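Naming follows writing order (A, B, C and D), and every chain is counted from residue 1.
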Amino acid sequence: MLDLTTQIGSLTLKNPIMPASGTFSEELAQLFDLDVLGAHVTKTITREKRSGNPTPRVCEVRGSMLNSIGIPSKGLDAFKANVIPFYDRYDAPLIVSISAGSTDEFASLCEDISVPGVAAIEVNISCPNIEEDGKAFAMRPSTTHAVITKLRQATDLPLWAKLTPNTGETTEVAKAAEEAGADALVVSNTLLAMAIDIHTRRPKLGNLMGGLSGPAFKPIALRMAYQCAKSVDIPVIGCGGISTVDDVIEYLIAGAVAVQIGTATFIEPHIMARMIDGLETYLTTQGFQSVRQLVGSVDDKEASDGMVFMEAAP
Amino acid sequence: MLDLTTQIGSLTLKNPIMPASGTFSEELAQLFDLDVLGAHVTKTITREKRSGNPTPRVCEVRGSMLNSIGIPSKGLDAFKANVIPFYDRYDAPLIVSISAGSTDEFASLCEDISVPGVAAIEVNISCPNIEEDGKAFAMRPSTTHAVITKLRQATDLPLWAKLTPNTGETTEVAKAAEEAGADALVVSNTLLAMAIDIHTRRPKLGNLMGGLSGPAFKPIALRMAYQCAKSVDIPVIGCGGISTVDDVIEYLIAGAVAVQIGTATFIEPHIMARMIDGLETYLTTQGFQSVRQLVGSVDDKEASDGMVFMEAAP
Amino acid sequence: MNIVPLPTSPTPIEMMPVFDVSCAVKRNEPVNGEYRLLVLDAPHSILQCTPGQFFHLLCPVSEHLQPYLRRPMSIYGYYPDQGELHFLYKVTGEGTSALATLTTGQSLTVLGPLGRGFDILPDWQNLLLVARGVGLATLAPLALQAHKLGRNLTAICSARSEDMLMSLDYFRELGADVIPLTDDTGTSDVGNMRRIIEAKIADTGIDAMYTCGSNRILKLLQSLGKTHNIPGQIALEQQMACGIGMCQCCVRAFHRKGKTVNERVCREGPVFDLQEAIGC
Amino acid sequence: MNIVPLPTSPTPIEMMPVFDVSCAVKRNEPVNGEYRLLVLDAPHSILQCTPGQFFHLLCPVSEHLQPYLRRPMSIYGYYPDQGELHFLYKVTGEGTSALATLTTGQSLTVLGPLGRGFDILPDWQNLLLVARGVGLATLAPLALQAHKLGRNLTAICSARSEDMLMSLDYFRELGADVIPLTDDTGTSDVGNMRRIIEAKIADTGIDAMYTCGSNRILKLLQSLGKTHNIPGQIALEQQMACGIGMCQCCVRAFHRKGKTVNERVCREGPVFDLQEAIGC
């Protein structure tokens, strides 16, 4: 019997495929049964209502996209009243993504969202820390450590720390999150990028800059997922540019115990369901008994020792 | 009369198109007259002979490539004996790219390469600093400042600092380079990435990881070029994913005074010559008199104030 | 003001199925210099549409055209009996240029039907459609629906020039009173349009007004709606990534109860209350 | 050892022009299950080739196949009189699959001719070619050249099975003594090959040996070359980005004067001295 399950701390997922925050919502239930997924991950919410960034909020770049949605949020109360009950009908665990501009606000939101129906909290620490210089918490080990420590005190639920690629210290940040008590890492959020319309000479995003996601981003996020898996003992959830079942397999081989699918769902809304089938087929034909056997099976030999922590391109 | 010239410190280039280091060599003269280019930029050299990284040294990712060539080098003496004389036959200024593992070695190489025939020195500070923790000099403002300060003392030639995208401190690094005496910034080198062959489960590069270049990288490098142009007064030379004349225009609008073309030359070896023609046509049809009028003409309004220094994806 | 606002406020998630299917191209031909008509061989399942709804098209990728995101396109016609789905589109950029390369027999993947369409309330007898340019694409199925429901229809069709006016015959066949206006003949200005509509209001009366796109027309109809207390709806556009409500990129601002609220065009729209809409 | 090493050491940059041209496809057809023959309508300028040289092909991009880098391909035939350029290729991955989609009349951009080809020194009368599989592609133009120069040619062609053996007739037409060996008949093993070659050496003698690719064959010929003091050349492969010498990704290691040196396959090769080559 093929075993598709994967373990993320205390949580067992029936398969390693789940959506990425901000690229999934209740509406997708109009396309397929959401209970086929390993977990459900909601768009990041904030405590207060927020309207998000100016439009245009997305633009296309060669084979990928940029977004500057920001975090429009109906607020905590609306979320508890409408969203959590919606997902109650499913067996798949609900992962709630949260964000705030300071460690204290972060911690109090974390506490208040630790309610029945929520299986784990994903902390989007890739958002700017307004108390410091506006750099995201996850850009530095110190701020990562500080915020995760507070969050750890605020909840008994599993805490997933979502990292940012906008740093030169991926492994240090990963270790700081682990040390401060994160139960898993999500690697990663989008990479800061820009596009300009050469006809109007205006930035293509209302917000000037935005995050790169989609296929172009894959080799970068895969590298980060690999680095993190090599440097921490907590599970790593891969995220970035995953568009095909081959991409899923690549991340699992690199060491991710599960993956999140973002932009690909915009292009092919059934893709997550198809990936689950595709993964099953792959494992069967390759003679694997379980997803676990595939995870971290990269044949990196000696190379890994010297190179894992290399963070300069050669 | 259309003015294609561009000014980089004391150097006037006849047009803003030049090759990127490591993606250009004498052999390209078999395809077109290299004197059409704004400048010639050589592959990074080191003082001693080096053989570079294990193969495979390149691999393909969706619409782009990774490389881990490393810095194979025939050494300083061979370079002076063979390469500099070769480029002497051209009017286009010769920019020599150098690298070393410590500030002292860097400075002494810089001094020894300051010879007739060399118009400027590009310092590849995206290479690992073996005295520190192996992170590239250009990943931190402090190490950038230290190495550029020494280099500045070592030569009277213009110094171009080539930055790395593997940092969360792009603008700080840019300012450190400026403060320490760099005459221009090249933005940027490749971004650390990875790919795994799912059939063999081996990394696709012999070196495990490598640098992403090509179209997928463009929105990231463009964002960096824009951030740098907004935060320093020295000229910025854009580099990253430029494949069409539209890309050249996008970088110039963003604030780059010139651009370097890398990977695109591998796909279309005549591309730089074509871009010069294309730029001329564009400027003429759009009613510009000079390249200068286009540089930095991005219509970023108020957005730029708050956003330029944002280094977290929204 | 006592115009009854139409129920365009966020409705609880409706779990109508949405389909993502590959359809064979029956025809893809120029209609005039700027527009093309795309006819797909579509399964019955996706033809349960409401006028004003749209599909999200996965445009083909080729050597020279590589659109990445899908492109939203209004339903120009849906014909369950013939198994046909029609789009009328203007070639503007990479995605629509790629659409234009499709030839008979090739396939196109379409996601839909999506969004909230137009309402024709039971007591709305005299309907006014005001369309400009490609806006006709969006309003055409509404005209057919009105015809089926036996309502009286006036269609004001505006365009740059005579030959840009499409589908006039189609509207006439549906029994509409068609009023063509063009920039060339100087008849398409707002003043003239206002005079024509006010005459219509004075003559037979108008129970509801429908339009899409143009800012000028939106403002005119808002003003007329307020003055004469006539409800209306407008179909709006915004750039889309997901097309089904997940990404929140397609929001636009609306006036509602004295406040400005953001709504998703793909989900709460693309059809919105005329008075709540804000031009851009 | 007194084998004269062939001048494969780095030569000063030769400034022979290299062309990047778009050619119309004349034919692109299967040769047997695994191989395809691509015939291009090529301008005279690019047909001044040396056997063993290659072109760097810009494979077509489609919805499902999106190769990015160019793909190196040996010249299988160049015919200035007919204006034809031939490639014989095996469909292995994305690039070659994309090549296989080309139909007559479509165009393909090719960069070349590139690299250093085979040498046939004036005093080499009896030549031995040993090829396996697609290696024939690389050696075929060498056979033609040998024929034109009036040299005696022995061609040992090895393959998995009878039907994988290509171009035997072509080699025979060129007057070669063709010796087919297959895995199926158990004749392709190294031992048998050695016996055959040694018999040939004893009989007419061999002045030079040429091969490509296979490690087993390389080792065999190196050993025979040393024993019998026969020079030889081998065409090697390595992944390429630029194809013209700029990127240094295509290096392989060679023994030279007691040291191991890296050489660029695209530039110092793809043809190298047989004894200097290192298998992998």
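Convention: a contact is a pair of C-beta atoms (placed from the backbone, for glycine too) under 8 Å apart; a residue touches a chain by one contact, two chains touch by 3 or more.
What you are looking at is a predicted structure, and each value in this text was computed from that prediction instead of being measured.
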Trace the shortest sequence of touching chains from subunit C to subunit D and report its length in steps.
-> 1
If you take the mean of the Cα atoms for each chain, which one ends up farthest from subunit C?
-> D
Taking each chain's centre as the mean of its CA atoms, subunit A sits from subunit B at a distance in Å of 32
Between subunit B and subunit D, tell me the centre distance in angstrom, where each centre is the average of that chain's C-alpha atoms.
-> 37
Note: subunit D sits from subunit A at a C-alpha centroid distance in Å of 49
Overlap residues in subunit A, where contacts from two or more other chains coincide = 61-64, 67, 69
Residues of subunit C whose C-beta touches two or more other chains = 66
Have a look at which chains touch which and call the overall pattern line, ring, star, complete or other.
-> ring
When you check every pair of chains, which ones turn out to touch?
-> A-B, A-C, B-D, C-D
Given the complex with subunit A, which residues does subunit C contribute to the contact?
-> 13, 15-20, 58, 66-70, 94, 111, 238-239, 241-252, 262, 267
Touching residues (chain side subunit B, partner subunit A) in the complex = 53, 61-64, 66-70, 126-128, 134-136, 139-140, 164-169, 189-196, 198, 200-203, 206-212, 215-220, 222-223, 226, 246, 249-250, 253-254, 297-300, 303-304, 307-314
For subunit D, which residues count as touching subunit C in their complex?
-> 60-63, 66
Show which residues of subunit B lie in contact with subunit D when the two form their complex.
-> 22-31, 43, 51-52, 55-65, 67, 69, 72, 86, 214, 263, 265-270
